[in-house]
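Each of the next two complexes has chain A plus one other chain: chain B in the first, chain C in the second.
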Partner chain A sequence: MVLVLALGDLHIPHRASDLPPKFKSMLVPGKIQHIICTGNLSIKEVHDYLKTVCPDLHIARGEYDEETRYPETKTLTIGQFKLGVCHGHQVIPWGDLDSLAMLQRQLDVDILVTGHTHQFTAYKHEAGVVINPGSATGSYSSITYDVNPSFVLMDIDGLRVVVYVYELIDGEVKVDKIDFKKTTGSNT
Partner chain B sequence: MMAGVAEDEEKWLSAGITGLQQNAFYMHRALDSNNLKDALKYSAQMLSELRTSRLSPHKYYELYMRAFDELRKLEMFFKEETNRGCSIVELYELVQHAGNILPRLYLLCTVGSVYIRSKEAPAKDVLKDLIEMCRGIQHPVRGLFLRSYLSQVSRDKLPDIGSEYEGDADTAMDAVEFVLQNFTEMNKLWVRMQHQGPARDKEKREKERSELRDLVGKNLHVLGQIEGVDLDMYRETVLPRVLEQVVNCKDEIAQYYLMDCVIQVFPDEYHLQTLETLLGACPQLQPSVDIKTVLAGLMERLSNYAASSAEVLPTFFQVEAFAKLNIAIGKVIEAQDDMPIYGAVTLYASLLTFTLHVHPDRLDYVDQILGACVKKLSGKGKLDDSKATKQIVALLSAPLEKYKDIDTALKLSNYPHVMEYLDNGTNKEMSNVIIQSIMKNRTCISTAEKVEALFELIKGLIKDIDENLQDELDEEDFKEEQNSVARLIQMLYTDDTEEMMKIIHTVRKHILTGGPKRLPFTVPPFAFSALKLVRRLQSQNENVSGEEVAATPKDIFQILMQTIEALSSVPAPELALRLYLQCAEAANDCDLEPVAYEFFTQAYILYEEEISDSKAQVTSIHLIIGTLQRMHAFGVENRDTLTHKATGYSSKLLKKPDQCRAVYACSHLFWLDEHNDMKDGERVMLCLKRALRIANAAQQMANATRGSSGSVVLFIEILNKYLYFYEKGVSQITVDLIQSLIELVKQEMSGENTTPEPATDAFFASTLRYIQFQMDKGGVVADKYKPIKI
Partner chain C sequence: MVKKGVPDWLNSSLWSSPQPPSSNDVVESHEPPASADVKSAVVESIVEPPVPVPPPSVTRIVEPPSSSVHSSTASVKGEIRDPLSSHNGNNNYGNTNFNNYNSEEENGISNNSSTAPIPAVGANTGAVVAPAASSLAEDISSQAQLLQELSRKIINMGELRRIASQGIPDGAGIRSTVWKLLLGYLPPDRTLWSSELAKKRSQYNHFKEELLMYPSDITRKLEKSSLENSEPYGESKGFLSRSEITHGEHPLSLGKSSVWNMFFQDTEIIEQIDRDVKRTHPDMHFFSGDSTVAKSNQEALKNILIVFAKLNPGIRYVQGMNEILAPLFYVFKNDPSEENAVSAEADTFFCFVELLSGFRDNFVQQLDNSVVGIRATITRLSQLLKEHDEELWRHLEITTKVNPQFYAFRWITLLLTQEFNFADSLHIWDTLLSDPDGPQETLLRVCCAMLVIVRRRLLAGDFTSNLKLLQHYPSTNISHLLYVASKLRTHVAG
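Then we have the complex of A and B:
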């Protein structure tokens, strides 16, 4: 069982002052093995904070990130899964599943994590799964109205990944989960 | 010289101990053989060692302790003697025959102890006699130890109420008298030490005095423990007498120590009830006494007492504790003209802590204290005394911690005035404390008036206060500072849209004074705050119709336009471009076509004139295309102009792959899913063809320059786009086109000069897999895909 935290679009301090306290209290150091971040943190302080939650931190560059050296895309292998992350402002139309599917094929990953729309989504399509963890701070988006703070926790176990999405709705944390299974291991 | 003296002292002490032990030995022998006469003789000799003048108090104490131990045994012997029939009165008489007065008095006290226990005479009479006799020793060190001995042996034999030695008294007055007298005499002896000896040894003397102070203070402890000393006796007798001695002795060391002792020893309820008396003594003390520390100590005790339980609070109100303390402090500060600033501030800080515990709801008290502080500080200019500034920061932080809600602190009219006296660095530090407090408590500041007051307080962070003084603030620190201001702006919020509009105006006014250094940090949060308001107005306007609204989205867009423009002074073109595009999208959602167009125009101007870095251009172009793709508010003409420009920019990017990608991204500009009148297959095709041409050119360039065929990946990307639009039903994309592109890719990938690239291979493979998947789907989709051969 490997726990992977996926989050992004915090937009601190331009659009939000901090993570919601209820989220902060959940993100305890030492519980998570990897963090995948879709970008737009956007300052170093947030990077440092995420590092304390888990030192294995993978970030893709968002258009507001202070650090310009984050990569545009990143891929990594966790267990039997290949994961890719990209902020998503590069994929036009924004939020379009088919265009994201193309990126997924290009990166050749089972799970593609992207952001930019601040809207949580988890789609399964032919090439794999596209997950958007939304905005961890619920920050303003030109694309989505009424953004609730959200983040995703993936539990990778063998050929199966359970995606837990945590959303802060009216002050309460609501959890939902989705199951995905790979048909074969990633070796070809 | 000092070392020599120390050595000598050791020698004398050893000699003294030896003498003492020797005589003790013989004394014990006499005790064992019940020889009273010899016992007295040797005990007197033993006690003679205590007649020395050569020892410092510290060393004398060692000698004294040994004597004390021996005297305990002697006392037991005396007790047994009286059991054996010896008359205690005779014994009392007998010991007075000792030759020297000091041994005589020690023996007398020892017998006196047995005398009192025998109850043959009232305790009070014996004690009276003893204490009179002790006057015979006027040497400070010897006298203090002797009286200390008297105090020790009489401790459990005082005629306290409820004690077996009460006698026929119904109060503990006699006991109190006894202890008070001992205290008074001991204090006099103690003070006398100050004036003995040459002036050059003053420091040494004061050190020695310090070693002896607990002997004097002990008496107050005893008083505190006498059962019969209730509030009335304390108020009528004990305190006045003690204070009388304290004031009259006119000795700085004694006064400071004893005032503190009184405060620590007696219960807080007593202090509350005698506050006026206690405080009344303060101005009468020597000017050199550190009275502020004493008062601070008192206020701290009372603060803790108030905090301990809610039941005690009414007493505080009843005795008007605040008023009395306030007046006392005022008097002290007035009297001690040369008190350093930090001393005065410490006093006010203690009083403030007290007030926050006892009268948290009385903001007027708190403000009063701050006002008094301002008065004291006035005329001094900015402080450069770090001790003082530290105290002021503590003073100003206390209300923040107590009240959690910044609103309350903002109501204190004197608060900003106090801050004025801090030097720039500390002022900023304090501003940071204020911001941290707001962030920690997550309190929103909800009116423009409060925002104005807050920004006034933290103005050191908002702008350069002193034009000439350039802060040598390190870049990292400056960033951190401005980022916290940015976070603060998120907390300036209210649901009331009219008030929020006023807040927006206030924030804008202030951040525009920040100068080019600060604008990149403060403009974005301001902008998003404004955009959030636009959204709320949108939903409001949908519900409420026909009413006059004070603020409209149009007004806000106007403000935004002007504010983002200010970024040109930094300059920060990339940031400004992003913000313009955000505004354009928001204007689009409000159906304000001209406004949205204007924002796009500004963004384009920045792109053309200010953004020259290739990487920056690529990102900017993606943002432009992405935003434009979502616009539905534009009429045909405007739309055409903007898309034409966008495609133009795309094909002029520096690197061919970037060009290719931007151009095919532009294809999406001509096909909007939700709007049937914005589906132009022809122009989609044009874009894709152009992208293909660029990909070809890139391929050729790679061949020419590197001798190998470049990456085929661009072709595969375009292929994917073909499939995308094919599925959407763009008729210009035919199966033939798709087929020929597939063949082209296969060709390129199997060419002689091709270096195999696993990533590209995988991409192509997964694309083909996708086509197969669609074929297998069945239905309309499969029909579309069947003709394609992979």
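Then we have the complex of A and C:
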């Protein structure tokens, strides 16, 4: 039972000053085993804060990140699942599911986490699942101003993943979940 | 014997060489006396010690009876040279008054038998210079005695305790069953065993299921009752459907009653248990190392401790419980019966609870200074030492100011598991567990005996050397130690 936090596009300090307090109160150290961040933090202080929540942090570079040494894409294996992360501004058209599916096949991962659109999506296709955790601070995107703060927590348990979607709607935290299973293990 | 300074019996030649039968001390109580003095049997109407043993000089080695508890006593009989003349009488043993039954040590000097008393061999607990053959003979005899006792329909607990207190031989794997009986896990009536075991084992599995479930499984169970099972990947392509969460249960929930929240709160304790389990007996392959056996054993220990901590929120888990658990699990897991070995975890859990019930107070910090707490127990040990060996007591506590808390704390709370090697501590536990009043009394006596045995070195030492000696107790002959401890019982000053 591994808890993986996926978030990104915070744009601190340029477009938002901080995470919403209700989110911050929930992100307590010790509960989460991994963090996957889609990028655009943008400054080191945010990186340090995320490190306090969980020391195992994986970041892909977004176009506004001041730290230039994050990789463009990153893959990691957690349990039976291979996860990939990429900011998403490189994939054109932005947010297009077929193009993201192409990226997923290139990275050969079961779950691809991307951002940039600041909208939560969870999409399934033959090669796997694409998850966009949205923007954790609710900052405006290149596409729209109407953004709800959101992030995603994945509970990986064997071949099964439960995805909890946390959204801040009208000042209240709403949590939904999505359940999906993988058909075979990825040992070979 | 008026005691001034060193008690006479301490200095007697009793210890340096095995003693021929001397005085006719009759031990009245049915407590295990284990004294080498007692050679002559004062026999009640029927019974004799069931198994006399051929003298050590006999080259024919008696085959140990088959380790199966179900071996008929007939086979035991067939292999021992001296016929168990009163064997049939033993079957009616059940309720006879054995209070006056003069128990002797296993080298059973049976008055009925024609074998001469074996002069060369002291009691199991007293033979400092015992020849190796005789200890083999003792083992075989006590083993045979135990097997015979165990094969009865209704086991006589007092008799079992008596035999067990002299040590359970390692060979036949009966220790597991005997300990279960001594701890009250198995009832004395053998016919009830299978039903009791099945009941307890299923109860433990039930506990495990309830308490060791991950929150994700718990929530899934809750959901199954409310939603119908919808296949998540019915469509091969498309947006994944979002569903409501049940009862507001999500991993970051901060609610007091949230399953997840409670899970994370328990995580701390689980981590501590995990750390301690990994450190248990690192020198033993059974417990430590990378083998799958060790890992599964560690897993079992962890489960037991976690279930115990969750069922006992008052005491939770305290460091040291793993040390008390380890010998129990080792013995039960090495039970020659396959069925028992597989369910060792469940059996160990209940026996652990039973054993700890007497010692709980040692682990509760608030009780430290109370009448039942660890400090009071240590004070009692100190009193005991003062009674038996005033000179040593004075030297230790007053002259060299070695506060008994410095050494006795670990001795008492961990039931001496840390002071001796593993095999020896099993032997000591045989004696501890067979005390019908609970292990604590015997424990204090054994601790006192430990002090008395090294008295020369203690008397000659100062604070540093004494403390060092007591905190790294030198290995001794366990039989000798237990013998001294039992002598302390019969030689109370006053």
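Just so we're on the same page, the second predicted complex is superposed on the first by the 185 of 188 C-alpha atoms of A that agree within 3 Å, B and C clash if a C-alpha of one lies under 4 Å from a C-alpha of the other, contacts with A are read in each partner's own complex, and residues count from 1 in each chain.
Here is the rule we go by: a contact is a pair of C-beta atoms (placed from the backbone, for glycine too) under 8 Å apart; a residue touches a chain by one contact, two chains touch by 3 or more.
Everything numeric in this text was worked out from a predicted model, so none of it was measured.
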First (chain B), second (chain C), both or neither touched by A:28: second
First (chain B), second (chain C), both or neither touched by A:46: neither
Which of chain B and chain C A:178 touches, first, second, both or neither: second
First, second, both or neither for A:126, with chain B first and chain C second: both
Which superposed partner A:155 touches (first chain B, second chain C, both, neither): second
Partner chain(s) touched by A:106 [first = chain B, second = chain C, both, neither]: first
Partner chain(s) touched by A:147 [first = chain B, second = chain C, both, neither]: neither
Contacts of A:165 with chain B and chain C, given as first, second, both or neither: second
Chain A residues contacted in one complex by chain B, in the other by chain C: 126
Partner chain A, residues of chain B touching it in the complex: 439, 442, 479-480, 483-484, 486-488, 490-491, 524-525, 528, 531-532, 535, 578, 582, 585-586, 589, 615, 619, 622-623, 625-627, 629-630, 665, 668, 713, 716-717, 720-721, 724, 727, 759, 762-763, 766-767, 769-770, 773-774
Touching residues on chain A, where the partner in the complex is chain B: 11-18, 21, 43, 45, 63-64, 68, 89-90, 92-94, 98-99, 101-102, 105-106, 108, 126-127, 139-140, 142-143, 145
For the chain A and chain C complex, residues of the former touching the latter: 1, 3, 25-28, 30-31, 121-126, 129, 153, 155, 157, 162-166, 175-181
Sites on chain C touched by chain A in the complex: 214-216, 232-233, 235-245, 248, 250-254, 264, 267
